[in-house]
Structures are given as structure tokens and as C-alpha cells.
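Both complexes below contain subunit A, partnered by subunit B and then by subunit C.
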Partner chain A sequence: MSSGEVSRVQVVKASMILTARNFFADPQWVIPSIIAPFVFTLVSLFLFSHVNGPILLYAVLGGGMMGMWGTTVYGSGSSIGFDRWNGTLECTLSAPTPLMWIVLGRVIWNTLEGSINALFILAIGFLWFRVGIGIADPGLFAISTIITFLSLSAFGLLLANIVVLSRKGGFLTNGIEIPVYIATGTMFPIGLLPFFVQGFSFALGPTWGIDAIRKAAIAGYTGLPVSIYVDLLVTVLATVVYMALSAYFFTKVEKIAKRNGTLGDY
Partner chain B sequence: MPENCVETSLLHREYANKDFFGRVKSTVTALHELDISVKYGELFGIIGPNGAGKTTTIKILSTLLLPTSGTARVLGMDVTRDLYRIRKNIGIVFGGERGLYNRVTGFQNLMYFSDLYGVPPSVSRKKVPELIEMVGLTGRENDKVEKYSRGMKQRLHIARALVHDPPLLFLDEPTIGLDPAGSRDIRQIINDLKKAGKSIILTTHYMFEADELCDRIAVISKGRLVALDMPSGLKKQVKDITLAEVHVYGDATPLIESLKSIENVSRVFSDMTGDRTIVRIQTPDGSDVLEQAKSAASRLNLKIIESSVKEPTLEDAYLRMVEE
Partner chain C sequence: MELNIRRALFEGYRALIGSLRFGSRGTIIWDSWDMWLLEIIILPLAQISFFEILATYANYSPAMVQYVVIGNAIQTMSFSSVFAVANITSSDKWQGTLPSILLTPASRASIIMGRALYQIIMSTLISTTGLLYAYFLFGVNFSSANYLFLAVSLLLTSISMISFGLLISTIGLYMRTAMIVANVFLFIGLLVCGVNFPISELPVWLRPLSYVIPLTYGLDAVRLSIAGAGFYAVGIYLLYLVIDGLAVFSMALLLTKTFERLARKSGRLEIY
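Then we have the complex of A and B:
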């Protein structure tokens, strides 16, 4: 009888590869991943086209972040929803691997793919709209982007829990996409938002990560009244909290779904 | 090593119907205090009508559903506590077309599930082609699963359940919806797996399949165990009935109606095959009733092609058990 532990690295890698294969096999990926963020960026660039300087880079970075975030939320929510619809959720859960590691592989792929979208949008901004390509601090920009990338992955992992619990969770993860665009300040400074929304914004790791990316990219950008290092520290802490909550909720949610008998629903 | 690979005691499962606000409106008992045990190396069948509790039993035993009460031990482990150890040692096949990643190839599906079960890549690279050959998919393994026929998908399901070489297999209606040739292929694979020493729990709606494959069969109806025996033992339970069978050309409705009025006839049922109707009469007096059926057919100007008296089948035993 077999009793050894399953390698988590092997599971995460396999899950990433399968998600990538499924992704490229479905031509619909172009709509949420390329067309939607591209249109958002175009609209904002046209809105700001009469001004020059950092505001355009602000808009382009915002578009890039929307590309990353949109794909993460869409991908995280839909990956488990896809398993439910496909009838593979029970087969996946019957494997001797905590579901969290399987979903993590999917979320990492989705965020990675979102980063490629972000680069695509940045390229459009730089090449088509001639937005200044000068990044104030390339080193910090790279670090901020990677940390924000991890934070988005962890947040996507947390959201995926909801869809494991019930097929109705898909509606929630789809509905959360636009409010989070606004709350994290991807397109508008969160200072413009009502006070009670700002509280929600500060609880989101990506809010701090995006602020760090902009501070590293745009010379003289003020954003949140803290240093870039505080931004990065809060983003890392939020990521750790999301991961811990995900680990806890995945075990809890799987148990509830098994108790309610909802794993096979589609 | 214990004698049994599966043991349940007073295993009970209820489903709650809830309203929009999550309040329980009603509860349905899917499984009522089930007690079964399955021996190592046994091919154990579970039969019963739709909604009898077969799939609920399989899901509880495979750790996908929690029992409301009672206990179940699989390979000596508790299904509510030893999830990952049990999952590492069982394989599950759900019937039907769902449950596979259709947009990727059969080979990629198997490699993916090998990784989820922690099979070292060096092993799965050898094992997966062997499984593909075993289930007869050689040459089609690099096609996307969406291009597969239903029978091919079902064979891939079986290969998927074997990627980690588990000692115990759960097969939940593996031949459902397959054509006769596809069903025969699956039955052959199941037989081969049994010969290879696997313990197998099989649910099915097809009585001849259960009769042909299973060492012992549990009959479940409305969540309750109504019988548990070898196929021959179950058939003995209806030894008091025989089956008179008459084949006639054309519409046999008037004949069926007249046979129902004969004393001691417990049931009459029919099947159309091509231009003939096969009428089966369940009765304790097979020979006598057969003569009366022949006379009735003659009166109704129906030409008899063949007639015989047969021993009861597992289906006869099953129908009586689930209807009682």
C-alpha cells in the first residue's frame, strides 16, 4: 500500500502546465485577457491624451495592472468553475493532494499570463502613444512588480475558495473584478474615493503593490503618504495573510462542500 | 492483513434541501444504516434503481462525501480522517462523458493525473503508454479528448484511475450509455483487472453485467440494503418463479392483456426486437402457463416463432427485491 507524500512542487507545476494547455486551446481567452484591458487602456489614454508627462505613464501602468488583475480574478474564479462544469472537480479532489496546491498552480499561471498582458499593454502605450519609457528606478520597479504579482496570486487563491464551496461563487468572483479595479487605485488615485471605500482599499495587498510600482516608475510620484519600502512591506504581509487564510479556508471549504454534497453540482 | 478492504457500519447519509437563505426545507435519506464488507480481491457489485444510494455509497467510500452518521473503513482507514492515505490507494471511475479535460489529449490527461497522485515522472513516462495500450487507445493518445467517442472516453477514465496502480477500484456505472461493443470492451478490462488482483466495487444498472462480473452483489433500494449474496444466491431467492417466454410476430398487446388475467401470473413484460415481440411471463407454473399462452396466441391469430420455459435471471430476482 502506498503512503508517501505527494510532491507539492510536482503538483503546482502539473497544474500550471494543464491550465496553460487549456487556456491556449480555447480561443475565448483573447477577450478577457487582451481585448478588455486593451480597450480600458485605450479609453484612459485617449482621456489623458491632451496632457504630457507622468500622468500618461500612470494610465499605462494602471492598464497593465488591470490586465494582470482581470486575468487573475477571471482565471481563479473560472478555473474551479470550469472543473465543476467539466465534471473534473471530483476527480481532482479524489487525488491525494490538498486542493490548494492544485489551485495555486492555476492561479500562478493566470497571474503569469496577466503579466504578459500587462507587458503587452505597456508596449502599446510606449510604442503607439509614445508614453515616456523612462522608469525612474528599474531595480525597485522589478521588485515591486514581482511582489505585486505574488500578492495578486495569493488574492486569487483566496477567491478560488468561494467557487469550491458552491457553483454560485462564480458570480461573486466575476462581480468583484470592477470594484477591485477601483478600490486598488489602478486607474484613479484612491484619495478620490469615499472614506469608507478607502478602508477597503488599504486592506487589499495589490493597492500597496500598485503604489510601489508607480513610485518606482514615475519620478516624483507621491501616491500613498508612505515610503516605497512600507508599500512593499505591507504588500508582503498581505500576501502572507492571504496565503494563510487560503490554506485554512481550503480545508474548511472542502469539508463543508463534502458535508453539503455540492462538489458534483454544475 | 485484515480480510476486508471495505467495511461499513450503520452508514447513513441525508441530504438537506435548503431555500435561498440556507434554511433547511426538507431532508432526504439517501443511505440508511448500510452495513457491508468487501473482501480483498473481490469484485463486489452494488445494484439498485436510480436514487437508490449507489453513487452516494461510492462517494462516501472514496472520501468525496461525508456520512451523516455511521462509519466506513477503506483499506483499514477511516474515510473521514485518513483522506489522503485512502486517496493514494484507490482509483475512481465515474460513468459518463464528464470528468476529463476535453481540450487536451488523452496522454496529457493521464500525465496530469499521474502528477496529482505523486507518481514520479520517470515512472509515469513508462506507465502511461502501458495503460493506453491496456485500454486500447494506442494511436489515439495524442488526440484531444473532445474528439473521442463515448467508449474511448470511458476507457480513458479507467486508465486515469490506474495511473498510481491502486489496489482498490471504485467503478460507478462504467458502461452507462455505451453501445454493446463498447460495454463488452469495458467488461473485458474489468475482468482483466480482477485477474490482476485488484479489489473492485462496481455499481451498475445492467443485471447481466453484474451477473457476469461480480463475486457478490448488494441490492440497495431507497437507501436500504435489501439483499447481499452471490449472483447464484440472489437468483435462488426467486426459485419459486419460472419464466415462460413466447416469441411472436407483430403487435402482441392483446396477447399480453390476456396473459395478465391467467391465475398465478405475477408479471408479464415484453420487448420488440426487429419484427418480433418477445413476451416474458413470470409465474410459478412455467410449463402450464406456456401452454395457455400458446393457446391464447393461436386464438388471436399470432404466429409463434419460438417458445420456452427458463430459469429466473438476476433481473427477475432484482425486480422482485426492489419492488417488495
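Then we have the complex of A and C:
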């Protein structure tokens, strides 16, 4: 391992720790990113409450996924946005480390924050709606969750590119929040979506990730007509593609931002 | 005495108009065409689609799916009427303009109302777009609708919800920001106001919150207007809506005075 690689790992770690410390210093800021998925899940639980079968566990898992999506999307939008607000974006871009690794650390923590929502939803599902929380295959469930988590972080990194060049990036990423909940089948099978949306759904790694999570958690769950291992393989492949695209776009975007000199415009 | 009242009214009117111009221009600059597209066109479509598919998947009857579609079409106005309005004081605090504004002798009610008035247009537009989606894309039946009642219901719901946004906005005068609470109330209506299911399905302890938020009455009035109900059936909910809107607005004015006094006393106006 070269010293350059170690340095980038250290940057990701330092960025993640700093974001985590900011969160613990002022945890109320998690609310804007998890309130939508939290309320959406509660509404779903009410709507599903008269349906028999493991649908409530299905909804609870979907709610957890939405929470992670919410914090990823919101975090990607705000990570550069806050730099711009606070006037630190120029300093961050002047650092010798490529911006991508700094943002990656932030996005990983933001996705992790989403698990707070998953815990809330799990507690409410268990205490209020009496959802049974038996997991069919805990080992595969853990693997599926970790791989999906990484896929979400990689997607968040890709989204963060938008925000570097535009002051409106944060708003745009907020605007795609509900469409990604729909497209990835967090609360209903993507088979219910119009055909042209399904193509987009299949291009999203988390669509396959949530399918794997449900297959591991709910005995007899069918979901997408492939095995859980195919789900996981596609999720990993999508993650690799997102990372490669992010690396490419971050290099481009950094160059454009430095050339135009309009970073501080707000 | 009479001269003083007339002068106060004139100055209040000037502050209101100035604030309205400033608020709308600021918003238009900020909300460029792509932001408009997002707020008016995409957000309602995305939210209605999510809950319509959810209700279909949960095997709800077609009538109940229509209930969900109409509910979400109207609730989307909260992006403008609650969230944008609630953040007025917080934005001023961020930009450092709150102390200057509060130094002026102008009526606080005029300043804040002026900034919020523009959102009546925005929130009505958002919900109208939502209702157009309901008709053209989601097959909601408007054949019996009374369009006059519907327009009045929409407008009054928008005004009352803006009063509710103003009430939340007062928190930003004293606390660090109203943004957190604004986020909560942007979405909580989906759960407690009868947007996706009747409030009778809520636990009893949650229902008082439903009766405080004007959206609850607005939704009833809109649904009855679409169903072609008569004047008295719609009118009673419009009356509730107006009473609730006035109560919420009075509370907002009272809290503005209280929080401004507290903030001045403790020197917290610029704390952020």
C-alpha cells in the first residue's frame, strides 16, 4: 500500500469522525433528514395494519431503508452546501487531498445516521404495531445490510457532485428524495411502477440491496425473480460503478469549479 | 386620536407592501425556474404517486385510493405554506438581518404577514397542480365537483396553513432556529390530518393535534367540494377552518411579541 493510499484512508476516517462529532454536538439536525422517512413509514404501517401476513415487517425494513436513503440524500446535498454557507468550501478545495475522499467520509457517516431512523421504526413497529422481528437468516441479513449500506454511500457520493457547482444542489437532492423511495421499491414492489420507471429502478443498486435484505429477513419472500446472491452481486457491481463515476466526475467538477472561480457564489 | 389611528394604519400598510415586495422578489430570485419546476411540478407528483401506489398495494378500495390522492394533493401545499413561512425568522437570523428588522418601529404583524403573503399564491398553485394530477393521472372523479366551493376551500386552507407556518416561525425569534420544527410540521400532517386515512383511525391521544392544524378542516372542505356537497355541508368546515386559522394567527402574533421581548431581554436575537 502506498503512502498516498494510506493518506486517503486517513482523510476518509478523519472526515467521518469530524462529521460524527458535529452530529453528536448538535444531534437535532438529524431530524430534517429522517422526519420524512419516519412519517412515511408510520403512514405505511397504518395503511398496512389491516393486511395479513409479514407485510408489517416488510414495511419496517422498507422504513429503515428510507431512513438511510433520507440521510444519504440530505447529507450529500448539505455536505458541500454547509461548506459554501460557512465560507470554508474554498479552503476545502485548496487542500491537497481530492475532494472526493473528504466527501466520502461525510457521506458514510450520514448513511450510518440513517440507521437511527431504522431503530426508531423498529421500536415503534415492535411496541405499537406488534410486528414480529424474527429474522429468517441473520447472517445473510447482516451481509445484505452492509453491502446495501455501502451502495447507498457510493450513490450519495455521486449525488454530492451536483452540489459542488450549484448553490441549489441541496434543494435538488431534496427533490429527488421521494422519487428514489418510489424507484427503489422501499414500500411496494417495483412491479407496480410504470414500465419506464422500472428501468431506472434496476439501475439503482439499493433496489437490489433492499430485495436482498427482505429475502434474508422474511421467510418465503419472493421479491425480484432472482436469488439473493444475484441481488448482492448486482448491488456490489452498482457500488463499483458509482465509485468509478464519482471519481471521474469529482475530478471534472473540481477542475471546473477552480477554473470558474465561482465557488463562493451563494 | 383618529389621526394617530389613521397614521398607524397607513404605516402598517406601507410596511406590509414593502415586506410583500421584498419577500416575493427574494423568493423569485431564489426560486428560479428550476426551483419552481421542482416545487410546483415534481414534488406533488412524487408525493401523490408514492401514497397512491402504497394504498393500491395495501388493497384499498378505489374510493379510498381517491381519498389518499386528494389528501396528498392538498397536503403538498405545506412545502410552501408551512416550511417556507416557518423559516422566515430563521433565514433573517442566518443572514444577520433580524436585529435590524426588529429595530424598526414598523408593525411586526405587517412585516411578517407581508413576507408570508406571497406564499398564498405558491401554496395554492402547488395544490392546484396536485388536483390536476389527481384528475388527469390518477382518475379522481370531478364530475360532481363544485368548483366555486373548491376554489374557496383551497384559498382558505392556504391562508390558514400560512397562519400555522407563522406560528412555527415565531420559534425562530427566540430559539436558534425554527427549521427543525418546520421540518416536523411539514410532514406530520400526512399522519394526523386525515391525509391518508381518517383521523378516527388515530390513537385518541394524537387526535387533539389533528384538530389544531387547519389542514384537517381544509381537507374535509376540499373533499366535500369535489363530491359536490351543498353549501351547508362545505360551509361548516370552512367555518371551522376560518376559526382555527384566526386562532392560530392570533397565537402567532402573541408569541411574536412574547418571543421578541424574551429575545431582547436575554440578548439572544443574534445567537445562531
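Points to keep in mind about this one:
To be clear about the criterion, the second predicted complex is superposed on the first by the 250 of 266 C-alpha atoms of A that agree within 3 Å, B and C clash if a C-alpha of one lies under 4 Å from a C-alpha of the other, contacts with A are read in each partner's own complex, and residues count from 1 in each chain.
Basically, a residue touches a chain if its C-beta (ideal position, glycine included) is under 8 Å from a C-beta of that chain, and two chains touch if they have at least 3 such contacts.
These numbers were taken from a predicted model, which means no experiment stands behind them.
By the touch criterion defined above, A:Leu192 reaches subunit C but does not reach subunit B. Look at A:Ile178: by the touch rule set out above, it reaches subunit C but stays clear of subunit B. Looking at the shared chain after the overlay, A:Leu47 reaches subunit C, while subunit B stays out of its contact range. Once the two complexes are laid over each other on the shared chain, residue contacts for A:Lys258 go to subunit B alone; subunit C is not touched. Once the two complexes are overlaid on the shared chain, A:Arg130 sits clear of subunit B and of subunit C alike.
Counting the residues of subunit A touched by each of subunit B and subunit C gives the higher count for B.
Applying the stated contact rule after C-alpha superposition, one finds that A:Cys91 touches subunit B and leaves subunit C untouched.
Look at A:Ala14: by the touch rule set out above, it reaches subunit B but stays clear of subunit C. Looking at the shared chain after the overlay, A:Asn22 reaches subunit B, while subunit C stays out of its contact range.
Put simply, subunit A uses no single residue to touch subunit B in one complex and subunit C in the other. Note for the complex: subunit A touches subunit B at residues 1-7, 10-11, 13-14, 17-18, 21-22, 25-26, 86-88, 90-98, 102, 255, 258-261, 263-264, 266.
Interface of subunit C with subunit A (complex): residues 32, 34-35, 38, 42-43, 46-47, 49-51, 53-60, 179-180, 183-184, 186-188, 190-191, 196-197, 201.
The touching residues of subunit A, when paired with subunit C in their complex, are 28-29, 31-32, 35-36, 39-40, 42-44, 46-48, 50-51, 55, 168, 171-172, 175, 178-179, 181-182, 187-189, 192-193. In the complex of the two chains, the subunit B residues touching subunit A come out as 15-16, 59, 62-66, 75, 83-85, 87-90, 92, 94, 96, 98-104, 108, 111-113, 115-118, 121, 144, 160, 164, 166-167.
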